[in-house]
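Both complexes shown next keep subunit A, but they swap its partner, so subunit B is in the first and subunit C is in the second.
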Partner chain A sequence: MSINFKQIEDKLKTEAKKLLEGGKVSIVLAYGKGYDEKHPMPYVARKMSDVENMVFNEFCTANMARYLVRYPRGTKIAIAVKPADSRAVIQLIQEEKIKREDLVILGIPVYGMKNFKTGETIDSKTTCGRYNPVIYDTLLGEEVHGQPVVSPYDVLAEYEKMDKDARWAFWKKELDRCIRCYACRKACPMCYCDPCFIDQNKPKWGEKSPESHGNLMYHLTRFHHLAGRCVDCGECSRACPVDIPLYLFHKKVAKECEEMFGQAAGMKIEDKPALVNFRVDDSDKILE
Partner chain B sequence: MEFEPKILGIACNWCTYTGADLAGTTRLQYPQNLRVVRVMCSSRINPSFIFRAFQLGADGVLVGGCHPGDCHYNTGNLYARRRLAVTRKILEFAGIEPGRFRVEWISASEGNKFAEVVTEFTEQVKTLGPQTKFKIEQQPSLEKI
Partner chain C sequence: MSRIGVFVCHCGLNIAKTIRVSELAQFASTLPDVVVAKDYKFMCSTPGQEMIASDIKEHKLDRIIVAACSPLMHEQTFRKVIENAGLNKYLVTIVNIREQVSWVTHDVEEGTSKAKALLNGAVYRARLLAPLTSRFIDVSPDVMVIGGGIAGIQAALELANTGKKVYLVEKNSTIGGHMAQFDKTFPTLDCSACILTPKMDAVLQHKNITMMTYCEVTEVKGYVGNFDITVKQKARYVDHDKCNACLACTEKCPGKGVSEWDEGLVKRKAIYIPFPQAVPQKPVIDRDACTFFIKGKCRLCEKVCEQKAIDFEQQDTFSTVKVGAVIVATGYDLMNTKPLVQYGYGKYPGVYSALEVERLFNSAGPTSGKVTLRDGKEPQAIAILHCIGSRDKNNYEHCSRVCCMYSLKFAHLFKEKTSADVYQFYIDMRAPGKGYEEFYNRIIEEDVKFIRGKGARVAESADEPGRMIVEAEDTITGKFIKLPVDMVVLSPAMIPRSDSKDIARLFNLSTDKYGFFMERHPKLAPLSTMSEGIFIAGVCQSPKDIPDTVAQANGAAAEALTIVVKDKMELEATTAMVNPASCCACQNCIRVCPYGAPFFNEQKGVSEINEALCKGCGLCASVCPASAIIARHFTNDQVLAEIEGLMEF
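The block that comes next holds the complex of A and B.
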């Protein structure tokens, strides 16, 4: 069984047309033609004629939940979501950035997406490894069953085994390459703060030029801000022009949060994000 | 010369800071390596404070708060507990020894516990040695040249 991307594209177009025609939504967030097949772009369809520009193929990796927070509250939006993106939508609903009733969620079950930079297949190594969206109103295509289910945290074992000094050397080498383009922040569906802590001058949390200690401050604090919220879509590391494996750290923090607080990010609308919540019977062991 | 660590203590105004005061007034001895900063609640601590402290040359960070359930603001330290637990995991995965960061619940009447914790923590940091990983190497400033 393989995913028929063309079929999904057709379904996406008919569904988008139906929604725009009926006036049920004012915008549709999906993917549009780029300068070639390998580079589809995030696309906002506002009128019927826009729908023809939509595409869906194996390179449509961008997380469209990123664009939900850009529109005024109450805007009726239809959004095309892949499995990880649907978790981002749930997480944004939990954080009260958007409302469920303003959304029409078009779920896309996928596997075998490809990284446009390397051509590698994207699997649980860099993402959450799900095949079906957690939440949707309309499912474009059929639910995927029978694919191998791999824990998204397996890839961490190698790094957890490492000696502390070796791990520090690894992260120092990786983070020192950062050029502070903030593509990770721009691609992330959860990074919506305005201004971001690193852009503030009073207090100045970290150096803004690309140097070792400023990079460390920016990235560590960003990992912390995404603790219990990161939905593991892996977009930050795909957006990175110097290929820093940010997903590793995010996965580690997500894993620890799941173990300590017993909930994964973006799985249930009723949950509260782990770090703005507490339980009186949280164990003090988590601090040891 | 023996290594004398620099330790940042961030203490909550209502419990740990008062506890430290009690340790002082009852003339308990504890190492002088601790520099205490007072905050109104342990949940006021931004995790960036801790990263920044390590960057500015702290060898260890000790956070003190009220016992869970005793918070002056009812729930502050319960939020702080979750947040600082994550901070700890992040420091650990980045390669900092987890022994350099500690969170302790010390109430206003526990002057003894405060002195004990500081003594124990200072010894622990001493055995770990100077913290060089996060520390910013000082650039010679222009005025001095």
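The block that comes next holds the complex of A and C.
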């Protein structure tokens, strides 16, 4: 069995029409035609005629949860989510940025998505490696069974072999290449601060032009801000024009958080964000 | 441009011994904006204070830095000084060069260098400090006392007598606590009930005391002067408003529960009052023992109750009480000695724990005051073993303080009530109290045998079935002895209540390694805690006898009064505020605030902070990803400047 992208696209269009027509939602967040098949774009359908521009193919990697926080509170939104995207939706609900009742979640069970830059198949190396959305109202396709389950943290094996100094050298080298385009921030569903701390002037938290210290300040702080919140969709790494493997750090922090607090980001609506929630039995490991 | 004055304190030799103070002052005078820098032997003394005040006038200073001890000691002193000299009191900065420098190193080079770094940081920060205005809030005039033992009763009565309203919360169905279980009290041997029950009754009658028995605190919100405390009233299954205390129900009840009051030596009914003088004198139903709750039928109590007070449908109810101060007096448990298998408690019927023996002596106890063993015989030889679990590195290192004295009391009562030989096995005899040593001498003369050596083991006697052998080393003669007895009394360690950790969590108290609540200062603030407005009294702080407990209770009442006697109270101006332009509405501040100060403004889509609730702890500022929260007096600019100053070294 493989994923029938055309069938998902058709179902997406049917559902979108139904929802817009019935007035159940005022916008549908999904994917639209780009300048070629390899470059579909994030797309907002507001009226029936917009629906025809929608597409869904293996290059539709963008995490549409990124756009949820752009609309005024209470806006009724339908959103197409792939497995990791659904976790971002849950995380945003946990953080009370959006309300579950304002959403219609169109779940897309999927695997074999492709990186538009390299053409490589995307797997658990850069994402959470799930095949089915964690939360949805309507499933656009059949649940995926029988695919090999790979831990999203397996890719860390090499990284974890490095000692402290080697890791520091590794990140220093990688982050020095950053050109501060902020594509990672733009692609991330959890980066919704406006203005971002790095754009502030009083106090000025870090150098704004691309140079070593400012780059470290920006990225390390962003890693920290995403601790226990990153849903491992991998969009930051795909968005990066200089291919910094940001997913490595996020995965490492996510793994530590999961081990320490027993919960992964965006898995249950009832969970509280791990780093701002105090439980009596919380691990003290973080203090060591 | 600010004009900074730096004042370095020698604290006698406390600081001057490890830090070259004059060099530090000289260094300070080279720092930006520093107009005057001086060192002096005791900055907190009157001449020291006057020096600061006159320099403020002479040099037109607008920022003061005092390098001295911890701000906990003298920040308020120096705030007063500069306030009297006409400056805003928040413009003084304390640099702690005693606790954080001179007391933690002997190395003069290191000490002086660290002191310079701290001072450099302080100067950088002081330049950015802004004057702040204090706020005043109304104080709730009522007090809550938690625990209805002698400490709680005493504190409640003292406070109520001053005209303040007191809520006395007790988790059992009666007040009285452990003292109500005792027969006699050392060293005067007056009857415990005779001196306690009048006080219990006074609580019941007092118009200013609201007794909340069978209640537990479940949530604490607010802060000193304005606590909102949620109290759970556990279901009694008896409507106490209707009940006229005829107690007909307790006679008819077929249920059998374990009498906590008699330390499990006898059974009690399922609907019961714990003891005849219980206050309130109204019964509750023990669900676990009640035939109706177990089997689904019975309801005999309901049938005999003329007042129709029995209500099997009753549920736990919650109420919230507003108080200005709280006294925690939750008392103690005795250590469970069963795990110490060498003493055979629970294995040999002749081994008793101290509280069980108290009940045997008591005329309202299971044996009506006769000292008989579980088989009904009178003991011929009795061994009292001190320090079971306490003064013991394997269990509790602390001395339980009262065991020596009550063991002497036991010896006296055994002598009075039986013809048995009584042996005391002790490590050291500790009798430091008024009349205690005299009591000890009196008991020596009563032909009680004292063996200086800790009881090592209690074993079954091979020769005489039913008797036991106490083994110990007599450390005076150096001989190992084996003594046949038929009753062994264990004096177990006094330990904090099993739920003291929960209470500590509710009220933000710290505990020592055993779980006793920590006082703010072991000598100078023994009844205050690190949580302002929460005071402690009695054994929940550390083991102590009744006179000390009562003294502490009176002290805690006075401390609580210092808060609730005021109409208004000054609050720190160091609160946090939200810059709405930067707020990203993640609501982290709301999640982490222990005081419930931030709230979400749905209309504006940003967080806001209720300054009346804010204590200025800074948690919200630290979790704000967009740095939209400004903690006054610790703004990002100020803190970053201080870090910069520190890093220059």
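Quick note on the criterion: the second predicted complex is superposed on the first by the 285 of 288 C-alpha atoms of A that agree within 3 Å, B and C clash if a C-alpha of one lies under 4 Å from a C-alpha of the other, contacts with A are read in each partner's own complex, and residues count from 1 in each chain.
In the analysis below, a contact is a pair of C-beta atoms (placed from the backbone, for glycine too) under 8 Å apart; a residue touches a chain by one contact, two chains touch by 3 or more.
Computed from a predicted model, the values in this text were never measured in an experiment.
Undergrad: Could you tell me whether subunit B and subunit C fit or clash when both sit on subunit A in the superposition?
TA: clash
Undergrad: With the two structures laid over each other on chain A, which partner does A:F197 touch: subunit B (first), subunit C (second), both, or neither?
TA: In the superposition, A:F197 touches subunit B and subunit C alike.
Undergrad: Let me test your reading of the model: by the given contact rule, A:K272 touches which partner, first (subunit B), second (subunit C), both or neither?
TA: second
Undergrad: Let me test your reading of the model: by the given contact rule, A:V280 touches which partner, first (subunit B), second (subunit C), both or neither?
TA: Both: A:V280 reaches subunit B and subunit C.
Undergrad: Going by the touch definition up top, name the partner, subunit B or subunit C, that contacts more of subunit A.
TA: The partner with more contacted residues on subunit A is B.
Undergrad: Which holds for A:M260: it touches subunit B only (first), subunit C only (second), both, or neither?
TA: first
Undergrad: For A:P40 in the superposed arrangement: first (subunit B), second (subunit C), both or neither?
TA: Touch status of A:P40: no partner.
Undergrad: By the touch definition at the top of the document, which applies to A:K164: first (subunit B), second (subunit C), both, or neither?
TA: Touch partner of A:K164: subunit B, not subunit C.
Undergrad: With the two complexes superposed on chain A, say which partner A:L216 touches: subunit B (first), subunit C (second), both, or neither.
TA: Once the two structures are laid over each other on A, A:L216 reaches subunit B alone.
Undergrad: In the superposed arrangement, does A:E96 touch subunit B (first), subunit C (second), both or neither?
TA: Second partner only, subunit C.
Undergrad: So, does A:A227 touch the first partner subunit B, the second partner subunit C, both, or neither?
TA: Only subunit B is touched by A:A227; subunit C is not.
Undergrad: Given 5-13, 23-31 or 131-139, which part of subunit B has C-alpha atoms clashing with subunit C after the fit on chain A?
TA: Among 5-13, 23-31 or 131-139, the clash with subunit C belongs to 23-31.
Undergrad: With the touch criterion stated at the top, can you tell me which subunit A residues are shared between the subunit B interface and the subunit C interface?
TA: The answer is residues 197, 205, 275-278, 280 of subunit A.
Undergrad: For the complex, which residues does subunit A have touching subunit C?
TA: Residues 73, 95-97, 192-197, 200, 202-203, 205, 225, 272-273, 275-278, 280 of subunit A touch subunit C in their complex.
Undergrad: Please output the residues of subunit C touching subunit A within their complex, sorted ascending.
TA: By the definition above, subunit C touches subunit A via 505, 582, 584-588, 591-592, 600, 602, 605, 623, 625-627, 636-637, 640.
Undergrad: Along subunit B, where are the residues that touch subunit A in the complex?
TA: The touching residues are 47-48, 51-52, 55, 68-69, 75, 78-79, 81-90, 92-97, 103, 105, 133-134, 136.
Undergrad: Quick check on the complex: what are the subunit A residues that touch subunit B?
TA: 159, 164-172, 197, 205-206, 212-213, 216-217, 220-221, 223-224, 227-228, 249, 252-253, 256-257, 260-261, 274-280, 282, 284, 286-287
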